[in-house]
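Presented below is the structure to which this report refers.
As written, the chain order gives the labels A, B, C, D, E and F, with residue 1 at the start of each chain.
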Amino acid sequence: MGSESNIKLLDESGMRLDGRTPEQLRPIKIETNLLERADGSAYIEWGGNKIMVAVYGPREAYPKHTQDIEKAVVKARYNMAAFSVDERKRPGPDRRSVEISKVISEALSSAIMVEQFPRAQIDVFIEVMQADAGTRIAGLTAASVAVASAGIPMRDMVVGCTAGKVEGKVVLDLSKEEDNFGQADLPIAVLSKSKKIVLIQMDGDLSLEEFDQASEMIMKATDNIAEIQRNALTSRYSVENIGDGE
Amino acid sequence: MGSESNIKLLDESGMRLDGRTPEQLRPIKIETNLLERADGSAYIEWGGNKIMVAVYGPREAYPKHTQDIEKAVVKARYNMAAFSVDERKRPGPDRRSVEISKVISEALSSAIMVEQFPRAQIDVFIEVMQADAGTRIAGLTAASVAVASAGIPMRDMVVGCTAGKVEGKVVLDLSKEEDNFGQADLPIAVLSKSKKIVLIQMDGDLSLEEFDQASEMIMKATDNIAEIQRNALTSRYSVENIGDGE
Amino acid sequence: MGSESNIKLLDESGMRLDGRTPEQLRPIKIETNLLERADGSAYIEWGGNKIMVAVYGPREAYPKHTQDIEKAVVKARYNMAAFSVDERKRPGPDRRSVEISKVISEALSSAIMVEQFPRAQIDVFIEVMQADAGTRIAGLTAASVAVASAGIPMRDMVVGCTAGKVEGKVVLDLSKEEDNFGQADLPIAVLSKSKKIVLIQMDGDLSLEEFDQASEMIMKATDNIAEIQRNALTSRYSVENIGDGE
Amino acid sequence: MPRDALGVLSEIKRSFITKQLKEGKRGDGRGLLDFREATITTNYVPRAAGSAMVKLGRTRVLAGVKIESGEPFPDTPNSGVLTTNVELLPMAFPTFEAGPPNETSIEIARVVDRGIRESKMIDTQKLVIEPGKKVWIVFVDINIMDFDGNLIDACTLAAVSALRSAFIPASKEGGKDMPLPVDQIPVSVTMVKIGDELVCDPDLEEEQLGSARVTVTTTEDGHIRAMQKGDTGNFTLEEIKKAIKISSDTGATLRKKYFS
Amino acid sequence: MPRDALGVLSEIKRSFITKQLKEGKRGDGRGLLDFREATITTNYVPRAAGSAMVKLGRTRVLAGVKIESGEPFPDTPNSGVLTTNVELLPMAFPTFEAGPPNETSIEIARVVDRGIRESKMIDTQKLVIEPGKKVWIVFVDINIMDFDGNLIDACTLAAVSALRSAFIPASKEGGKDMPLPVDQIPVSVTMVKIGDELVCDPDLEEEQLGSARVTVTTTEDGHIRAMQKGDTGNFTLEEIKKAIKISSDTGATLRKKYFS
Amino acid sequence: MPRDALGVLSEIKRSFITKQLKEGKRGDGRGLLDFREATITTNYVPRAAGSAMVKLGRTRVLAGVKIESGEPFPDTPNSGVLTTNVELLPMAFPTFEAGPPNETSIEIARVVDRGIRESKMIDTQKLVIEPGKKVWIVFVDINIMDFDGNLIDACTLAAVSALRSAFIPASKEGGKDMPLPVDQIPVSVTMVKIGDELVCDPDLEEEQLGSARVTVTTTEDGHIRAMQKGDTGNFTLEEIKKAIKISSDTGATLRKKYFS
């Protein structure tokens, strides 16, 4: 947060660099079941983010000592492709991706009926093919769809969005420049019906009032995003072409 | 393949830098059972290559999940000593040695009666003490002798040779300079009686005719090398002194 | 050993940089059971060394193949905190700490009644918070107290000291400067009653006479240090404040 | 946090603690929002540039700071570097194992780091020796030595205390040694939700009982600098707002108590 | 290739497929030498210097190219660097595990790399910025996303497509961005031997049935640039010669279809 | 040393060997203090800067020396670098596994290294090419190829022999190739205690029987340069002094036999 920059992120009328209003989302598109092998899968485009999620399971947890006798263990693995970011990233997990994998696993566990599958594990592989700010929330939002598409029982869908502070103003769904040069980043994910919060992180500088404003913006936005999730799960026809990106 | 060089690899009469004709092998010497602990072992000198091979097994495959209920698993490990090449090599496997270990394992599996030893593994440790071009074929050729010396039943011996292209001419058994500055490298290993191919790799540039010529050269050469293998397995007397390299 | 230096380590009257005589120990303080979770623990200050030791066990050895059916396995882990030395040390074991962990494990095995606990392991975690020469001996001396404080039966306590050579003179309990610029370093640990040697290492240059002199100095010193060990195990009152270092 | 570390709490104990909490009582007599007493010993390791041993109840962590010169990151040539690492020493708990950082220690380190970084506690632009070429690198290493819950707050306390006590060894680069310039003091406050209650500074048993965890780090101005939700439970937005308020209030108390 | 990945094919299925193949028929209606239809989407990842998503039947791989400036290798000071890496993502198959490259992914990467390198597709001597000091390093990263056999050919197709679409970001070094100069187009063709038949572009079931595998990579002139035999079976020399011929012919077809 | 490597020696064998030793007899006819015959073949690997294959009884190790130019350590700018590494090749013994150095190979390497370093065998100050910037780095790599006890002495013999045969490739740095300057010859002598006897140069069975192990490395002047006690048994101070005497005497014999 807060690297300095000469870029002007908001114009006089409060419009953003990419032409959005403060409360406007970037375009979002979700498709399901593009992958053949996985038990369920989802593909999301959210702004410039391109993320594929595959789900395997429930299957017996391995190694055995990781089994929980009361419920399934959800193991999300958030991974960035080497070419997904501006400078080539060495393959394999880094500290950031380990942390993100942890909070996503916990968030999904809130929504999946894990108690129905003792000793099992549910693997959720989140592959960021192109990163453009907000990948953890986009990945988690797609992961929820992928889990549903695998037929795994859930008490609710998980849906999220970020808000942040840019030049002193609270805005929704940070772009890459806003993420790099803004003053705060607040990703929140909720259960879509109950609005219970299953993921929240923040870094930057927010007053209480700013937090209230930002969190309300996110809550409103999740309704729209949940609608996109539902559509993706009900209409699966033109998947191939869209998913392949033209 | 194909680094450029000012070295003239062939003279006017087609003779090679080390005085060999195009179809001439470097000197080859094989000894068996120099090692005390191993179930079988072989030492090969092939040109400047000095390679020791030890075989352990068949023994129970470990860890258990690597066991094949129908046959023994052959695990070759090709390793270069730190001092075996011009610049010191860091100990441990690199990508090249992992690939070579894989193709050697597969080649040996073709020859060993693996179906007689379900759930077992046969370890073949190939240690390159000095490298001088053609180490994978020299190592595999010695490995076959080492497996035989361990009394492990084989349907046939594995024997190999390389050919390549140097200044536009096909030549047998590349030297180090020919390997570095030549235009193609073709290692082939066969079952010695049936001439079935169990290992083939190639990199460089070969026309179909050149391939035919190179592969025929190799096939002929394998007869001679197989003879050296057989001699090593039948006469084991003067082993110590020769193996120790004076 | 033996880096050159302009520092004068001994003055004309044979006194050392820190004012000690050749046979004088640095101040030593041992406290027990500062840690809540561990089965036993000890804290030692020895000169500028500050070392915490925790003991867990006997508990079932894991993984299973490390179990010894005749006795407990003692696994000491000597570790230096990143900030314990002049230049920040990368966390995790290095070759030096692996070797020290090995000789400390072997020394403690001599003293613990390991035959009473087949298939078990006893973990001894030695954490050097500040290093000031002689950490392995200080750590081992504290480890013995920690094992005893865990109620694990021992045939004898282990107690040690170092001696070395500085400007041609044998001196006891090397300081950091003496360790860096001296001519020999001889750490010895013994069973405190029988004086049997359970750890000895040396590097530098010692004549037989110098070895005799150094080893006798150490033997004498171990009586004093054993006394400090015993006091620590019998009086545990003012532990907290002292252990916390003011 | 190792929820299963101690095995499952007995059902009896679990319902007893929960019942007590409903009445506003905790096992050690604290109120729901009370922090355990902290003992902070700065300069515990004089050889480090700064250090602090912190006992928070029976949780014990040791933070050490090393400051060395080195190259800046290419994308921030005029800025020093701050790096935070947490080691869950195997001495701290029966099931902790030696090895590289795992997801638990990485999460703690990153939450502590964000609190310090985003509060602008250290002005990294003052850590430049030669612009673009040489800067001060501040290593904060935190060792967990004894574990009884709430590592994030214990580590933040230790890291902040160690940094406040730290000196830059500028004499090595031809300057004069000087205190590390620190500004804002971030304080993190972690709560767990047990039943419908928010409980501050949980000990290990309370962490095991909690369905969800949240950490809020604030500065003196009451602004939020870092947040982190953990565990598989959830919070309502109202609960989060309440947690922020608690953190801001408790943070002020702790700041006064330990950092004034 | 993970021969045992799916467990053992049922004996009935095995003999059925083998019998069909003797009659020249394959499960999906292809002839023995037919390739599956490939869908190639270049510039799938606009942020990369070049990229291509390739679906070959139900096998799906994504190749991305990054081009960065760096130091040349000491023994080739006047030459850029090409490096190829393959990741078998765990999403691609139930038994794939996350972790560093294993012998399977290393073999694929090295065979793909040799095909590109030996065909002189990229003239690395044109990738020099400052001789001996600074060159362009071309990273080709290939992610396996869905696995139904014949990864080597899918990866070669993807890598070649991504390289053909790649731009050198020369503006970062004071020049002008320009397409990566490519010359020859290598095409790899992989066959497995089932019974006595050579079968092109095997799907996973066919790979499991095959006793041996061979890959031949050729260029437009029909020359062989790379070969690799895999698996524990064997080939006669005649079969290898036949495989070379098939590869050369099929390569020409594919080159025309996808790269003209 | 892998005490359990061969499983437990049968009780009968164990008591037989112990009884024999009391009468001063060993399985292979040696006296208690006798070394096995060593065969040392220097320049076994001509491509290395120096090398030696050593057979000590049935133990076989191969040492190779590489000498390359590089940067000195910051704290010893005017000194070359010596580094010693031991690999327990899996070919050497049924239970040895491939992988990074473990505590056994690290201990051997460090004891061998200390013997060479502390005896001042190599004058590292003569290995400076350009003070503070470029020095010769001497890599000693020792591969264990066949294991029948007493690796430390076999490795010291091999390392010392390889170093004595080594050439500095100074022509690569504009100088003239020259022998590596060596001075003192360190000889290590390892003993195990079986019952109350000290037994020199133990084979594997004797190592398994021994309760404790001690290595003493001396130079021609009879001075001790390195010592290392191993294993879970113990020694009296008198036994250690006796071991030093034995090492000094045996060292003189070996030095004469192999290094004169």
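Rule of thumb we're sticking to: contacts are C-beta pairs under 8 Å (C-beta built on N, C-alpha and C of every residue); 3 or more make two chains touch, one makes a residue touch a chain.
Owing to the predicted nature of the structure, the values given are computational and were not obtained by experimental measurement.
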item	value
Any chain in contact with chain A as well as chain E	none
If a chain touches chain A and chain C alike, it appears here	D
Taking each chain's C-alpha mean as its centre, the one farthest from chain C	E
Centre-of-Cα separation between chain F and chain D, whole angstrom	49
Length of the line joining the C-alpha centres of chain A and chain F, rounded to whole Å	58
Cα-centroid distance, chain B relative to chain F, in whole angstrom	32
Per-residue overlap in chain A, given as positions that touch at least 2 other chains	none
Topology of the chain contact graph, where touching chains are joined (line, ring, star, complete, other)	ring
Cyclic chain order - from chain A, heading first toward chain D	A, D, C, F, B, E
Chain B to chain F touching residues, read off their complex	35-38, 41, 48, 50, 52-54, 56, 59, 77, 79, 81-88, 91-93, 123, 125, 127, 129-132, 244-246
Complex contact set, residues of chain E against chain A	39, 41, 44-49, 51, 53, 55, 58, 60, 62, 64-66, 68, 85, 87, 89-94, 98, 100, 139, 141, 143, 145-148
Chain A residues within the chain D interface of the complex	1-3, 68, 95-96, 98-99, 101-103, 106, 109-110, 114, 186, 191, 195-208, 211-212, 215, 219
Complex contact set, residues of chain F against chain C	4, 76, 101, 103, 106-107, 109-110, 114, 117-118, 214, 221-237, 240-241, 244-245, 248
